[in-house]
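Both of the next two complexes hold chain A, though its partner changes from chain B to chain C.
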Partner chain A sequence: MNISTEISDRKMKQRLLKDKIFTNAMIFLAFLSGVPLFLILYQLAIKGYRQLNISFFFEEAPDTMEAMVAVANNEIIPGGIANGIVGTLIIVGLASLIAIPVGIICGTYLAENAEGKFAGLVRFIVDMLQGVPSIVLGVIGYIWIVKPVTNGFSALAGSVALSIMMLPSIVRSTEETLKMIPGTLKEAALSLGVPYHKVILKVILPTGISGILTGVILGISRIAGETAPLMLTALGSTVVNTNITEPSSAVPLLVWEFYNDPNLVNMIWSASLFLLLLILGLNLSAKAIAKKWKVQY
Partner chain B sequence: MNSEKIFKYLLVSSGVLMVLIALGIVATLFVGSIPSFKEFGFGFLFSTEWDPTEGRETYGALPFIIGTLLTSILALIITFPFAFSISLFLGEYFKDGALPSFLRSVVDLLAGIPSVVYGLWGFYALKPLVAELGLNAQGFGIFTSSVILAIMIIPYASSLGAEVISMVPGSLKEAAYSLGATRFEVVRNVIVPNAGSGIFAGYILALGRAIGETMAVTMLIGNSNNMPTGIFDLGNTMASLIANQFGEAEGLKYTALIEIGLILFVITGIVNYIGKLIMKKLSA
Partner chain C sequence: MESTILKQVQMPTEQKYKENVVIKNPIENIESPVLKIDDLSVSYGGDKYAIQNVSAGIAKNKITAIMGPSGCGKSTLLRAINRMHELYPNTHNKGGVYLGDENIYELNPIQLRRKIGMVFQRPNPFPTMSIYDNVIAGFNLNGIKLKRSEKDEIVEKSLREVALWDEVKDALHNRGTFLSGGQQQRLCIARALAYTPDIILLDEPTSALDPIATSKIEDLLVKLKKDFTIVLVTHNMSQAARISDYSMFMYLGELVEYGKTKQMFTTPKDKRTEEYLTGKFG
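What follows is the complex of A and B.
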């Protein structure tokens, strides 16, 4: 009797120990996964803050010679990333201009036709588009725009590639948001004799605006840091360029260029820091909007 | 009545546009790779030669297909303990409170870091570490890119898992607890069997991400066009090959690269389709 209780006691202890080890390992691993975020932020901040000054935002990227001289004299590299900032604004802005209206309309269509065979096909295609690798969209932008339309690398080609990339997230967030709006709201408006398109435009879409806006901002943050498709489409430029049919720079492209030029290495940290803060800011503001303006009835 | 009709047509036409974009992408890649397919046939998939020397140009995709699958599957294996821990942490152990919402934000922000920044960090922080450990002479290679990819896909691999784990019925867990099970035993015998396929679907979708990732891999894998001999060897993926060589490519090389793009498109399509299929079965 005594021996068997001792054995079961030992077994019990073993099980509890196992449980404890597992729980602690899980907590440890979960938080360890977050460490890279802080390491990356720390490294970018420590190495990048020196270059962040007024000229960083308003001057074009320096050439290799200027940078080499500055580094040799132990000064900070002159110049900034203005060509990248302007390029990113134009490319991302144009991509949004294409993708936002189409995405919202398509999301509305899917929300209004929950069943339907064609709607099912569209939903499937949007899902598949979400998974297309960004580099493949770069190839598409090259074949569709660079060769036949602009006869050379251009900001427009970059915008087209990026707009296809951001479409799925706008479509899906619009659909998900509109689906959550209770049908009574729509029925009330329809029963008052309001035409269908006005119900959608004046009642349904405004009610879901926060969810849609969240999707749009997340879509923008997804494309703002993209480098690969722009390498095949916008190519890059050493000067500020506002003509969308000409090659254009962008902040992520500049990071890539600085990375490849040993003399400009000091610039990558500040350019990356700027890019990272921009994107994390967009992400956080999307979260804040989703939280604050939750759909209310 | 008229504006009513126009509006409905507008809604449908946006759906038609989606179909056209998708068909356009497929058709473009197909047409673009015809010359290469005519030249190499299906041998393109199995040839290990990538030689752009003029006069004896031959192109084969196998080293890059293997390189892509090797890096992304290795990344998935590395990411598993971390992503699973996060899923459990957020879905079962700590659902509400400041700490889990902090972890959730951190994981979300990990998804927001641009690929090129991950690449930089990998180059300056991770690569020297790998070299110091003596795994590889310079620190470049398949293993290094897999580690970076593993960090990049943590958010995608963990979020779906957390969701399905939190949906495991409480009555099942309570029944197990009432029989005297410890929490670990509940996880192993109740939660994993119940949420397993959902967790798995999350990993499949994360795999799709890893396969198409370009910049971080390009900066770390070493860009060798030879067949990789092991996980510490240099290699190349389909995405990073296109990124490196598409700009100056012409003629046969140009269409061979488009064919690589087509293969990449098809592989990610299949992987994502399997993931969605599992998810659909779950919700049905």
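What follows is the complex of A and C.
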């Protein structure tokens, strides 16, 4: 039998064509995955930009009657989402205050005791925590804080639920960052007679700061848009509330409330746009920090 | 061919040369040693010892080189002198190391390391700190408050001692990690000197450097010995011959021979030392 390794012209052309189709299909699909973000931004901007005025940031959400009159007269709905913005800042801020120190210290422990049995257990639990549905965290916040501590829905309960939610991202990013730091750095500090706690606080953590901060910001951006846990904890409020033991609004909660009120439906777009831009901004700043503060060793 | 290789591998066994070991207690060999290693054995866990029954005195204001093939325990011995080996879990030791009259294993390791500084194989300046802050790190990290003028003085003096001052004096507040490898290593030596320890331990300080940077560091060490006692681990025999006053030869965790460098390189007392120095194994 005579086996020829020659490829006929016709076959060669077919092959080149297949190559071309495959390459272009890849480019197209890659492009496709980027499309939704722009479609969402476009949709929100087109429908919401008119609401984005000064009063949007500084006034409380309007009530149904005001909105109904404005819609009937074909005017912009008055008022804004100040109660939601303040609520989100307080709830997320408090959640960060709880989760950041705990998360960084836990992550440092895991990095320092990579092999330990207890560390392995903690690592496993933190991974599991990442998979807990957010509504379950809301239930936990309700049982732990709403009922026994604040005797009613409160911003504090929302913060506790959200702090549990952001913990895994901080722990794991701290651990991964610190693991990358060469051990010789720790030796250098210890050989100068520096006590262990100062080695960690003044040498190891500052060296890993960019990675840790990136994890923290991604954690914040993850909880800033959460709605489900807040429904069972912070509940919502029609006025600006700075008391953490009282019910509080939040931007994602407002979106949900606007959706449930036919007269306020038009506020959804601007509130969603604001929330999306906030989270995009946080993500971009995380990227910028990771790049700018990167330590060379 | 095969049999000669086998012979070379088998030759330095313990039984064969045990009677050749001349120096029974090397501590007596050094007059008024600043550091006495007394029958020290170190294990990283279990019954296996990385170094066994090492006794030696370290001479003041001299350079002592520790030589030996890979895995002979020379780094372990060096680290045992300022207890850096304890960073590994499950270490335990027998015997002692005396700094003056104090057994260092009864001291707090933090205090001990302030008296015995260390420089490592790879330059490891603190990446978040400037050159200036790196030199003064021993004070800053230990919470010792100094006046600005005192700090300036220490930084300049230390950098001059390592012959780095002229190269970096205009860039003191730049990051230390932007220096070349040799400069970084000199910076690390300056960092160890700034704290004015009694003894400086160097763990193969030039093995990651090019020949020019290496010769600069060697010159530097020779100059530094008038103020400091230096113990140097090296796998580079010619380096030991060039700069050290005393040499130790270690093999399989045992201190085989210890004496004046010149004497050891010309008339080694132990067969294993001779074979190592002539390149028969190692």
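The rule is simple: the second predicted complex is superposed on the first by the 278 of 297 C-alpha atoms of A that agree within 3 Å, B and C clash if a C-alpha of one lies under 4 Å from a C-alpha of the other, contacts with A are read in each partner's own complex, and residues count from 1 in each chain.
Quick note on the criterion: a contact is a pair of C-beta atoms (placed from the backbone, for glycine too) under 8 Å apart; a residue touches a chain by one contact, two chains touch by 3 or more.
Bear in mind the structure is a predicted one, so any value in this text is a computation, not a measurement.
K.L.:
Will chain C clash with chain B on chain A after the two structures are superposed, or do they fit?
P.N.:
Pair status: fit.
K.L.:
Considering only touches as defined above, state whether A:Leu185 meets chain B (first), chain C (second), both or neither.
P.N.:
second
K.L.:
Contacts for A:Val203 in the overlay, against chain B (first) and chain C (second): which applies, first, second, both or neither?
P.N.:
second
K.L.:
Going by the contact rule stated at the top, is it chain B or chain C that touches a larger number of residues on chain A?
P.N.:
B
K.L.:
Specify the angle subtended at the CA centre of chain A by the CA centres of chain B and chain C, expressed in degrees to the nearest 10.
P.N.:
One gets 100 degrees for this angle.
K.L.:
Have a look at where A:Leu232 lands relative to chain B and chain C in the superposition and call it first, second, both or neither.
P.N.:
Touch partner of A:Leu232: chain B, not chain C.
K.L.:
Which partner chains sit in contact with A:Val194 here, chain B, chain C, both or neither? Use first/second/both/neither.
P.N.:
The second partner, chain C, only.
K.L.:
Once you lay one complex on the other using chain A, what is the shortest C-alpha distance from chain B to chain C, in Å?
P.N.:
Nearest C-alpha pair, chain B versus chain C: 8 Å apart.
K.L.:
Which chain A residues are contacted by chain C in one complex and by chain B in the other?
P.N.:
Shared contact residues on chain A (touching chain B in one complex, chain C in the other): 195.
K.L.:
In the complex, go through chain C and note every residue touching chain A.
P.N.:
Against chain A, chain C makes touches at 82, 84, 87, 110-114, 117-118, 120-122, 124-128, 137-138, 141-143, 175, 177-178, 188, 191-192, 195.
K.L.:
Enumerate the contact residues on chain B facing chain A in the complex.
P.N.:
Against chain A, the touching part of chain B is residues 3-4, 7-8, 10-12, 14-15, 17-19, 21-22, 24-25, 28-29, 32, 81-83, 85-86, 88-90, 93, 103, 105-110, 112-121, 123-125, 151, 154, 158, 182-185, 187, 205, 208, 211-215, 219, 239, 242-243, 246-247, 257-258, 261, 264-265, 268-269, 271-273, 276.
K.L.:
How about chain A: which of its residues touch chain C in the complex?
P.N.:
Its residues touching chain C are 182, 184-195, 198-199, 202-203, 206-207, 209, 295-297.
K.L.:
Quick one: in the complex, what on chain A touches chain B?
P.N.:
Its residues touching chain B are 15-16, 18-19, 22-23, 25-34, 36-37, 39-40, 43-44, 102, 105-106, 108-110, 112, 118-119, 121-122, 125-140, 142-144, 164, 167, 171, 195-197, 200, 221, 224-228, 231-232, 235, 252, 255-256, 259, 268, 272, 275-276, 279-280, 282-284, 287.
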